[in-house]
Amino acid sequence: MHIRVINPVITRVWEQDTLRTYSNVAGPGVNVSVVSLDWGTASIESYRDDALATPDILNKVLQAEKEGVDAVIIDCMADPGLHAAREISSIPVIGPAQASMHLAAILGFKFSVLSTSKRDIPWVEDQVTRYGLSKHLASVRPIDIPVLSLAENPEATFQALMQAAELAVTVDGAHVLVPGCTGLAGLAAHLREGLLKKDLDVQVLDPPSVAMKLAESLVSLGYAHSKMTFPFPPTKEIRWPF
Amino acid sequence: MHIRVINPVITRVWEQDTLRTYSNVAGPGVNVSVVSLDWGTASIESYRDDALATPDILNKVLQAEKEGVDAVIIDCMADPGLHAAREISSIPVIGPAQASMHLAAILGFKFSVLSTSKRDIPWVEDQVTRYGLSKHLASVRPIDIPVLSLAENPEATFQALMQAAELAVTVDGAHVLVPGCTGLAGLAAHLREGLLKKDLDVQVLDPPSVAMKLAESLVSLGYAHSKMTFPFPPTKEIRWPF
Amino acid sequence: MHIRVINPVITRVWEQDTLRTYSNVAGPGVNVSVVSLDWGTASIESYRDDALATPDILNKVLQAEKEGVDAVIIDCMADPGLHAAREISSIPVIGPAQASMHLAAILGFKFSVLSTSKRDIPWVEDQVTRYGLSKHLASVRPIDIPVLSLAENPEATFQALMQAAELAVTVDGAHVLVPGCTGLAGLAAHLREGLLKKDLDVQVLDPPSVAMKLAESLVSLGYAHSKMTFPFPPTKEIRWPF
Amino acid sequence: MHIRVINPVITRVWEQDTLRTYSNVAGPGVNVSVVSLDWGTASIESYRDDALATPDILNKVLQAEKEGVDAVIIDCMADPGLHAAREISSIPVIGPAQASMHLAAILGFKFSVLSTSKRDIPWVEDQVTRYGLSKHLASVRPIDIPVLSLAENPEATFQALMQAAELAVTVDGAHVLVPGCTGLAGLAAHLREGLLKKDLDVQVLDPPSVAMKLAESLVSLGYAHSKMTFPFPPTKEIRWPF
Amino acid sequence: MHIRVINPVITRVWEQDTLRTYSNVAGPGVNVSVVSLDWGTASIESYRDDALATPDILNKVLQAEKEGVDAVIIDCMADPGLHAAREISSIPVIGPAQASMHLAAILGFKFSVLSTSKRDIPWVEDQVTRYGLSKHLASVRPIDIPVLSLAENPEATFQALMQAAELAVTVDGAHVLVPGCTGLAGLAAHLREGLLKKDLDVQVLDPPSVAMKLAESLVSLGYAHSKMTFPFPPTKEIRWPF
Amino acid sequence: MHIRVINPVITRVWEQDTLRTYSNVAGPGVNVSVVSLDWGTASIESYRDDALATPDILNKVLQAEKEGVDAVIIDCMADPGLHAAREISSIPVIGPAQASMHLAAILGFKFSVLSTSKRDIPWVEDQVTRYGLSKHLASVRPIDIPVLSLAENPEATFQALMQAAELAVTVDGAHVLVPGCTGLAGLAAHLREGLLKKDLDVQVLDPPSVAMKLAESLVSLGYAHSKMTFPFPPTKEIRWPF
């Protein structure tokens, strides 16, 4: 089984990290490969960034299917281009946010998303609405650290995450937590421990891991997205530079 | 007042029609100009088409604001790029679908969207969900004629529209009708007359007209979208061919 | 075009103000006239007041249509008698609350209503529910000044409004604000400036202006409410003193 | 215990029937009295009729409370003036529709309202929305007989009711039925029998009976509506002819 | 009329109290009898307790119907076994929580449940969701005293209840309060008085009383739950120790 | 990894089939074991059956955790005892219905449940409501064959399933199908093929397979249900025969 992870930004610097992250959780006999975008932005924090990422994501998905890849994961909590990518492909295309939010709703009654910035709140709520999971959303709690600065001071990032998490659990009633950026990958287990020490026994999901397991499950069962919800686009003239 | 209409496809053939349509309903002292896309697709009937239209729509919106245009209308019922366009601009950006659906919900309790194809149903329902208007949606009724063939046989298009409209009103309980494609512009009044003859006194909206009036209203009152819902994207590296 | 504004109270003292307010935003060639009620209450702050206002509102609407008026605005955020008035008329009847709440939902994801009194909270929530916009409502925030005292101390009114507005934005997540009383008309622009100084770039709507623009738009496009949602009442015996 | 039934129309002809209907289900020691309106319409089939009924309903409620009556029932499935009447009174004011719809939601998962006319559909749906019971509504099924003609041909009325009921149960999935007009009172038991013969074991409520039992229950327990949802209106100038 | 109250726990100590509580509110000519369980738990505070109570509740319901009892009340705010009990019986089976929550929604727009423990919050929200009343729920406010300790220090229990009630009203906007445990029966009137002294004129329901009145109403009207929502289970092999 | 499948009925006849079904989809290194109940019913088709199954399911879950099993699957689309089982355990407990419905909502916008009997409709809708997925439910379509007769005439079962499936897709707009009984396991792939031949390219899920993959995913990631949603029950007296 071959899973392709699309790192939907033009920054290649995270590719090795991303490969390691996904390979670590991959089951036996599962190959992982990572590609980044040729065209797009350095990070995805707005509808604009999402819009600039999507065209090349579509290229990378087409290419993956042509290469015989079994499933594609778009490694970003914005799930950029998810619906469009499913239209043009027959193999499963997974968004870590959609996968994690549904799992969160299975494991507890309410979840919170720990986002990087206050400006994500309307955007994440819009996403949860589209995924039909509004009843399960306790809150979106921002940590107010830009995506590109998350790795600068890991301790500060973790402390901010702990604080947002505590508020989500004790004030908003969240019982499962979903980090709102794949750049926070790897902190989930640490965060769960920190919360357990405060007697808050909540689940904290690691979205890349959840996406990986969903991809493996779909491939092994022969499932993909419904082509009636995501039919192939009608053939038509396209003018495009890349 | 200067309103820019973006025809979000690479086909220039409709530009004059579009200009006439919008100019006809423009109030006194309102200038209308139309631009089409340099990059994108010939029509918008899928998430993929929407994704390929958006990057150049953003360019056209930036350019409009730079030229001192007062408001922008994206002339397509998919409202492609609406949220992203609002992020990068301070002037009002209007989507005919959003404008029409809210007006429909003001004029009656339930509306139906008359779409071109069956494949639009999930897509329009997704849109209505995002706009928070699901309670007002009676149904999405397709006429099963491709966007690019709507003008080929106007009588057949109208008959299909009449049939879908009747079902929407008598079976689904719609009291206001919203044509689901700006390519059906101009048929609204004719459709209303046809339905009146069958004793179905429902309102039929013409989305371009509704968008135009909303644009004029916003400009004259000095309103625009909220910059807290649609904040400017953080500055970051972008790699893009056009 | 002739727009009739019904001041749905027995107090004539605001008529000139109301006329000025609406005339100021009226487009070129639009005449505005104002009438008050012969029977009703001095202000509308309860379901009871609403009930006592409605019968004479219906008279005033009938009279307006007979006089050839093009559209009617009921100048009160309770939208008193809106549905009944639409039943008995063919010309558009506009409620400033319904018009403003839908516009608010277009301009941002969530709005708050700044009401005059705590007792309005259930009442406004009931209204938002009826308009099918509950998903867009961030909160109802009262300023606790009776309608008839709003003009007594304008500075205190404004300060109370600022405070309620700040809480609505920072605590409740509102991105658009809707003053909950037409008696607050004219403060919208001032309130937006005050909030901008605190770095809260939210839109603040002026409901009379929004109602006026909606009235003009409907008249110029030849639209009105759906007669299937609001059919003429069956003919029957009525006993009524005025 | 003294229960006052307000017959919210100007027709006195039904008063004896109404008194008998309510007295028949009244518990031991419960007195029933009936009053009709001095001002209003001959039947209530529109928002307009509702608006013309409400002012005198308020008078009758005030008078009932002054006379020491223990609770008031407004004998109409429009529940006209219910919220306003609760504002001005401390004793329970009951709407048969609200009482019946909540009971229906207790006895089964979904109910249908059997209304007199197709024009009631938007109006009843609006009502169910306000009562927060939309999830329990299977459908509104009209029988298309005007309120004032219901008694003309009882057999035809019953057959139309049976037909609407069968569709509600077999097509719409209703498990409890609520006649949408108190003029259909007394047919509930007969309708249930008719449906049982067709192997449709659904409950059919008789709204006046349900209202009576709710009134008795509230009085005997000392409960009334919450004065925080329905506070007394602020004192103010009122001009009114009766 | 004979109403059977099932005390769904193995503790007999409350039987006399329960009998007195229900008899006090029973109407003239209504006999009340109480039975406890032979198998189950000492109190019901979890889905587990509910699961262990239900089988013997079913026995007690079958037995009640065989004895000619007219209606059954399951005396616990978890409404344990309500749906299953309705399947196996034709006589009304009442859950005090369902009865009280619907009455709360009739008497005001929003209610809060005052639960015994923080751990009840997800559980009560799940219950309210099932009853289709989420729109009416202001909050679940725990008092953090275990069910079996409620009677140990009545004054402390009352003070905790007062504090939770005040927060529910002033912070969460509740206008009606529903104690979340029948073990709090009898405190409702006292709590209402305490709140009135603080100028919070809210209704406080006593769930056993509400259940009793609903049982009496259903029996006197000849109503029961719909056998289409709760059909008799198909005959099949059962292996069971008691 | 050891996964325990609880066959929640007293019939042992399906145990080998169940073991084969689950083992077939189990990943490398995953052991599967199956236990049936000592106490309960022969099949689960009602709330009553569910209630009689749950106590012994709890025993089997406790026993599984004691034996060091890694996760438990309750092999029935009623997900009987799911919430109670999670309270008493720390290892993941999976319900095939919950797992499949969430996956269905990931793969398409709307799913239908193909149930065995018409009497399941209210029951499945209740379940979907509890899982917070009502927006994704297109319909519940029964095939009207009792659970215990499904295997009697496989061809008739399949034809009934095909017919229900077609209606679900073409009439109700389902894009993913979820068989509503684990007794239909193995027909999913066959049903998908049958529908593809009719040009209906929808996904058909096999709930046991989906449950198995979810169990494996949770165990391999170290996740379980949130103990804040499902806390251990307080210690208390229990009287129970087995």
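All chains are identified by letter, namely A, B, C, D, E and F, in their written order; residue positions are counted from 1 within each chain.
Please note the rule applied: a residue touches a chain if its C-beta (ideal position, glycine included) is under 8 Å from a C-beta of that chain, and two chains touch if they have at least 3 such contacts.
Because the structure is a prediction, the values reported are computed rather than measured.
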Chain D reached from chain A - shortest hop count over touching chains:
2
Between chain B and chain C, which partner chains are common?
A, D
Taking each chain's centre as the mean of its CA atoms, which one is farthest from the centre of chain E?
B
Across the interfaces A-E and E-F, which one involves more C-beta pairs in contact?
E-F
Cα centre of chain B to Cα centre of chain D, whole Å, reads 43
Where chain D touches two or more other chains at once, the residues are 108-110, 122, 126, 129, 132, 135, 175, 228-230
Mind giving me all the chain pairs that touch?
A-B, A-C, A-E, A-F, B-C, B-D, B-F, C-D, C-E, D-E, D-F, E-F
Please give the residue numbers of chain D that touch chain E in the complex, ascending.
25, 27-29, 98-99, 102-103, 105-110, 131-133, 135-136, 169, 175-176, 189, 200-203, 205-206, 209-210, 213-214, 216-217, 220-230
Over in the complex, which chain A residues touch chain E? Could you list them?
108-110, 135, 173, 175
Touching chain F in the complex, chain E uses residues 10-11, 38-43, 45-52, 54-55, 58, 81, 83-84, 86-88, 119, 122, 126, 129-130, 132, 146, 148, 228-231, 233-234, 236-242
Which residues, counting only chain A, touch chain C once they are in their complex?
121-122, 125-126, 129, 134
